[in-house]
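Next up, some structures in structure tokens.
Next come two complexes, and both contain chain A; in the first it sits with chain B, in the second with chain C.
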Partner chain A sequence: MTIGDRVPRGDGPEKVTGQAKYTADITMTGMLHARFLYAERPRARIIGIDTAAAKALPGVFAVITQDDMLDVRYGFFVKDRTVFATDEVRFEAEVVAAVAALTPEIAAEAVRLIEVDYEDLEPILDVEDALRDDVDLVHAGFASYEQMAGVDRDRNDCAHMTSVKGDVDAGFAEADVVVSARYRSDMSHAAPIEPHAVIAEWQGERVTIWSTSQVPFPARSQVARTLGIPESNVRIIVPHLGGGFGGKCDVHFETHIAALAKVTRRPVKLVFTRREEFLATDKPRHAAIIDLETGVRNDGTITARRAKIILDGGAYSGDSHFASEISIMMLQGPYRIPNLSAEVHTVYTNRTPSGSVRAPGAPQTVWAVEQHTEEIAAQLGMDPIDFRRKNLVEDGDTGQTGQRFDNPNAAACLERALEMAGYGQELPEGEAFGVSCGWWFSLPVASGAYVKLNADGSGTIVTGAQENGSGSVMGMPALAAEELGMAPEQFSIVYQDTSAGPFDLGSAGSQTTMNNGRAVIDAARQVRDELLQLAAHTLEAAVDDLELVDGAVRVRGAPTVAVTIGELAAQAHGGELLLGKGSGQPLPMPEHDASECVGRLFYPAFAHPSFFCHVGRIRVDQDTGVVQVLDWSAAFDFGTILNPIGAEGQVEGGTVQGIGFGLLEGSIYKDGHQQNASLLEYKLQTAIDAPPIKIAFVGGPAPAGPHGARAIGEPPVVGPPAALANGIAAATGARVRHLPMTPERVWESMQATGVN
Partner chain B sequence: MINPLSLSVNGVPYTAAIEPHRTLLSVLREEFGITGPKEGCDDSECGACMVLIDGEPTNACCYLALQAEDREITTIEGISDSPVGSRIQARMLEDGGIQCGFCTPGIVVMATALLSSNPNPNEEEIRNALAGNLCRCTGYQKIVAAVSKAAGDLE
Partner chain C sequence: MAARQYFAPNSVDEALQVIGRHGRIGVVAGGTDAVVGHRSGKSPLADAIVGIHRLQDLNGIKVANDGGLCIGALTSYASLLSSNEVLERYTALADASAIVGSCATRNVGTLGGNIVNASPAMDTGAPLLVFDAVTELRSQARTRQLPIAELWTGPGQSVVADDELLVSVTLPSLPPQSGSAYLRLEYRRAMEIAVVGVAVQITLGADGVVAAASIALAAVGPTCFLVDAAGNAIVGRSLDESSTAEAAAAAADAARPISDNRASENYRRQMVSVVTGRAIQVAAARAAGRTVNIPASQRWREATQ
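== the complex of A and B ==
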């Protein structure tokens, strides 16, 4: 039995000894080094670029700009971007030119020698201004851009969506009390510890790219498009990936480096500095303005909600539409709300383009919704926990697009987390508990895998899936082993190589175990059928009488009549090989009704939702506003836990990341420039800051996931900022309506509320 | 200007001719091909580049290579040879103190330095010792537990 065991990760030994190779660790013969020239201004027209002096520098092999590229725009939802800036720069770290040289120092010197003549333009930095008709367009040519069908956009609004349910006016008319508030959240960063790195090498018409990508297949499509070559001529290999958290989704600099490698006929390597990682990777979490208005009856029944979100998409849309869609789907929260009208605008500005960071759109929206939940309870004079108990969704209730919940376990998560935390006990002055509830889902997308047995009876899984560190791909051997009566350590895995495994979306949308896991199981079952056929022949028994146990096929009830998998595999290598393929074909979407929604909702219902509750115990220093997190309890319905080490690791890591987003992590902007683009000024949680975390997994097997598993990767990061906010309010009596809730903001809120 | 440098890394003597501005991290990685120490920031902010210099944990990204003249450097690659280091590695693996692994070399080096000077640290001492090693994946809980258990194993 391997499902549910604490199995150490298969890539652990090489990681713990320093042998694991990451992209930046690779050196190739004849390799050149790349550096980029950035705009360093938020908005300007390019009058001219002079690369002559840079090209003349000894040791420089190439200096390229958009003039050296195809005139092709790319973008996942809206094709609004060229590889290098064309005519106009739209954010401070837009790439204007790239250099390849013998050493990084020469490349940097060459970058300094490139002369660009700019006409600076007034940047568009305020999202509400940007939506006005009399404000300049960030993309003057927006109307001509190609886009995915169904995207609703106009001028600076690159993703408009609505979600409508019931009769909102009638709902408000029934309300005794209406509560409304505005919440604001700053942009924050994925900040993996490994910065981006890319190496590209051509042989003939084909290019191989080693990249720190979370999504090698989608990245390959964009590289092929921008280089004008077939996808089969592009191979993306991801060596070990040093974390991503969404910041390494989408295509990044693969095309730039492939283009340099092509003109220089040499391998070219790019490694980002930490400063570039903040400024140029253009995948931060969206800044947001969230307006909520909710009607309730005096008995605590919610009658209606109106909500509006404005996301700052930055200069290019990238994969922003995921965040647009998910944030809007978070507005009902895990509560019963019969009438709801919500809309989201995702706005172009002259800031760093935002994108999918772990649970895109969710932590900031849930932070607003869960504060609002407690503000409503306070207005009614109800205990916030009792208010939740009354309103949390139950079996048969519907979500905001009419999706029916099947045993949602939302209430079970709440009760379990409260119990672990010792909620209700007397706490010292300045301390309080903070609570948040919520839900998340798993993206239903296509995904494939192969399984083969080697001549010695060991196995190999070849999968398109991508391991970002979470352990999801490392969990695949257990799934295959379970089907084949083998042990997980008997399998090797070939992964994150677009020329090896079948398509997979990548480590995004908490989808790997759900979709690729089912693909691996399907592939292993095919091998199992082949093995049984072969064994039936060898043992002269009927297939139905056979079982696969402990590395052998044996006759049920007569365990000595057996043949080992090793013997069968050796036999197969003289005839028909033991090969299986699987496609984790997306599971059907839960029943829902999105007919009243405008704009493309890609996932108008949330498949296999994971409900959760966080309870943090915090202390607020009344003089300084500093929040200390003392301990934490979190309960999740993840269905079957396939490997507790991995599941706990996701909860612990996600919770601490969420605490960082809650208290400290936010980009400070001045005139279109990030002011805190370093880890000294943009502080991540350290071992001292992180609280001890207690975890409970509630709920039984989910109906559809592999062995009943649900999504795990993103959910843990969603709830912590909200729990902290409610804890701060409980400890101080003041609401902090600006994320992150830095000591200054906590202190200011206390002053404004007159608490001090 | 190019200067001669000789030092020992993981017990092996190395010589090189390098420019004075080069960091120990860049010389280890690019001249000697020792890529276990990682570059997460280049600014002493993350601890991914941590090595032992004559037993002292140091961020190699902010240490000039020429300062390491005649010194004994231990990187993650050399840590497995020490009983303390290899026990920490084993515990990190078994207890799930590793996810993406990019911080792991620095953390194992730091934890080895800690247990070498304080064989029986409490949780607070472990957390304080690791305060300069950022990990974005694990939330630290399993790392702290792994170091604590390794200390117990070594008693």
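== the complex of A and C ==
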């Protein structure tokens, strides 16, 4: 039995001993180095670009601009972007030109020699202004852009969605108390330790691209579109990935480098600096303005909620629509709200385009909603935990588009986390507990894998899945081994290569185990059937009488009548090979009705929802506003835990990342320029800042996922900022309504509230 | 692209020759500021670089007959923290050395590097000021002694000439019943830069009254600097709430903070007062012979329990 065992990940030793090769480690004969010319202004019209001096510099092999590219726009939801800037630059790090040269230094010098004549334009930086009809369009040609069916957009609003349920006016009419508040959050970053890197090399009409991508298949399709070649001529290989956290979703610079490699007929390599990683990778977490208004009865019954979220999408829409829809799904959260009217606008501005950072749209929205939850309780004079106990969803309750909850573990997570934390105990002055509850989904999408047995009986899994560091692909051998009566270490994995494995959406949406796990199990079952057929012939027994145990097929009840998998595999290599493929239908979405909602795409309901609760014990320095996190407890209902080491690692990492989003991580903007684009001034949590974290997994196997597992990757990051906010309010009596809750903002809130 | 030159001399004389020959050469010891500065683009490496890590004469701490210390410029933070003299008598310098960067930074980063880098937010600057440290600068032509308070002229700027090398720092001896502390307002516990830093050195008289006091600030002006008015506010008085508050107010008055990504001018000024008050308390406790764990910034968090 391997399911549920604590299995160390297979790629761990090579990573911690420095043997693992990352994209930036690759060097090729004749390789050139790329550098980009960036706009360095938030908005301007391009009058002219002169590359002559740059091209003339010795050691420069190519300088290219949009003039060298096909006139094609790309984008996952809205095709609003060209590879290089066309006519107008829309954010400070928009790529205007690219250079390939013998050394990175020559390339940088050539970039300095490119002359661009700009007419600077007034940047659009305020999201509320951007929604007005009298404000300039970030994309004058927005109406002509192709888009995914179902996207609702107009002018600067590139993703408008609503969620409506019941009769919200009638609900407010029933309320005794109405509570409203506005919350703001700053843009924050995925900040993987490995910066973006790309190498491209052509042979004939085919290009191979080594890239730091989390989503090689979706990236491939956009590369093929922008280069005008079939997907079969584009091979994307991801060497070991040094973290992604969503910042390496979508397509980035693969096409730019492929284009340079094509014109120079040489391999070309790009490695980002940390500054570029902040400015140019265009996948930060959306800045947001969140307005909440809720009606409640004096007994604590919620009667209605109105909500409006404005997300700053930046200059291009990218994969923003995921964040739009997830944020709107967070507005009801795990609570029983009969009447809801919610809308989200995702707005073009002249800032770095935002995108899918781990749990896009969620931490900032839950941070607002869970503060609001406690503010409602305070207005009613109710204990915030009792208010939650009264309103958390129970069996048979319905979500915001009518999906029915089947024995949700929302309350169980709350009680377990409170118990672990010792909630309610007397604390020293300045200390407090902070609580947050929330929910998440599993994403059912297509995914494929092959399993093959080698002649010696060892196995190889060939999968399209992408390992971003979470360990999810590393968990596949255990799933295959379980089906075949083998050990996980008997399997090698071929992965992160679009020419090897079948399609997978990539390391996004916490979907790898849920979907690719199902595919690997299906493929292994096919091999199992083949093994049993072969063994039945060898052992002269009926298939139904055979079992696969400990690396051998044997007759049930007569374990000595057996043949090893090694013997069968050798036999198969003289005849029909042992090969399995897995794919099949993704699991269905739950029943729901989103017909009254506008603009909904992937998440009209949450499939296989899971619930969670975080309880943090914090201390606020009353004189300075510095928050110290002393202790943490978190409970999740992830269903079956396939590998506790991996699941706990996701919760620990997500919690610490969430604490960072809560306390320190935020981009400081001035006039359309990021001011703190470095790890010195954009402060991540360090190891010594991390509190002890107690973790509980509650509830039994989920009905749907592989062996009853639910999605794990993103949910741990969602709740910590909210728990911190409620802890700060409990410790100081002051609400901090601006994320991140830096010491100065905490101090200012205390001053404004007159706490000191 | 200019070719880079790199020198790794084996003796101080050889190093001074190399430095004297080149107009503007980059002197690299631990390299912890040089690499970060270059990568960020703020201070690109010079075309010629001299690595002085082999100059073992500049590495180490000597105790003078009067109890003062002579610290070689190449002495690492980790070495400072392994010196009983530093830990017990020049405790503010230990407080500062214990919180610079990370373990790795403290193992390779040097006191001399920190001084010559001249960051207004440097952690060892305020402690060296309250100890009246004297630097020794050498060139081929001369050797000169310069009080640390006269060394820095602005952010990243000092009077160290192009042909000069900082070789050592001397800390004069301290009277009995002296205690010191360096406290830093920090947002995280490692890899941090001071938002506000305050060093306090106090000598108590036989009657428990403050006989001498010195207070210096970091990260709230173009350089680290002494605030005489703050120290004077407690000299001749016993330390109570009112004298401490006067010193804290004098420090806040003298602060010339800017608004930057780490904090606003107003918040910094308010925090100078808070941190000064706390640093006085820790220094006074140490002067009175009570043990306060190093680094004091750490204890400050615990003190609020």
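The criterion applied here is as follows: the second predicted complex is superposed on the first by the 755 of 756 C-alpha atoms of A that agree within 3 Å, B and C clash if a C-alpha of one lies under 4 Å from a C-alpha of the other, contacts with A are read in each partner's own complex, and residues count from 1 in each chain.
One rule holds for everything that comes next: a residue touches a chain if its C-beta (ideal position, glycine included) is under 8 Å from a C-beta of that chain, and two chains touch if they have at least 3 such contacts.
For clarity, every value in this text was computed on a predicted model and none was experimentally measured.
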Looking at A:743 after the superposition, I want to know if it touches chain B, chain C, both of them or none. Which is it: first, second, both, neither? second
Per the overlay, which chain contacts more chain A residues, chain B or chain C? B
Counting only touches as set out at the top, which of chain B and chain C does A:109 meet: first, second, both, neither? second
Thinking of the overlay built on chain A, is A:676 touched by chain B (first), by chain C (second), by both, or by neither? second
A:8 contacts which: chain B (first), chain C (second), both, neither? first
Figure out whether A:273 sits in contact with chain B (first) or chain C (second), or with both, or with neither. both
Which of the two partners, first being chain B and second being chain C, lies in contact with A:623: first, second, both, or neither? second
Look at A:656 in the shared chain and tell me whether it touches chain B only, chain C only, both, or neither; answer first, second, both or neither. first
For A:668, decide between first (touching chain B), second (touching chain C), both and neither. second
Of the partners chain B and chain C, which touch A:371 in the superposed model: first, second, both, neither? neither
Indicate the residue numbers of chain A shared between its chain B interface and its chain C interface, in ascending order. 273-274, 678-680, 685-688
So in the complex, which bits of chain B are touching chain A? 29-30, 33, 35-43, 45-46, 48, 75-77, 79-80, 89, 92-96, 98-105, 108, 126-128, 130-144
Within their complex, state which residues of chain A touch chain C. 103, 105-106, 109, 273-275, 428, 430-431, 619, 621-624, 626, 628, 663-664, 668, 675-676, 678-681, 683, 685-689, 742-744, 747-748
Which positions of chain C touch chain A when the two form their complex? 1, 36, 39-41, 102, 185-193, 195, 261-264, 267, 270-271, 274, 301, 304-305
Chain B-facing residues of chain A, complex: 6, 8-9, 11-13, 15-22, 24-25, 27, 191-195, 240-243, 245, 271, 273-274, 468-471, 645-646, 648-649, 651-657, 678-680, 684-688, 690, 692-693
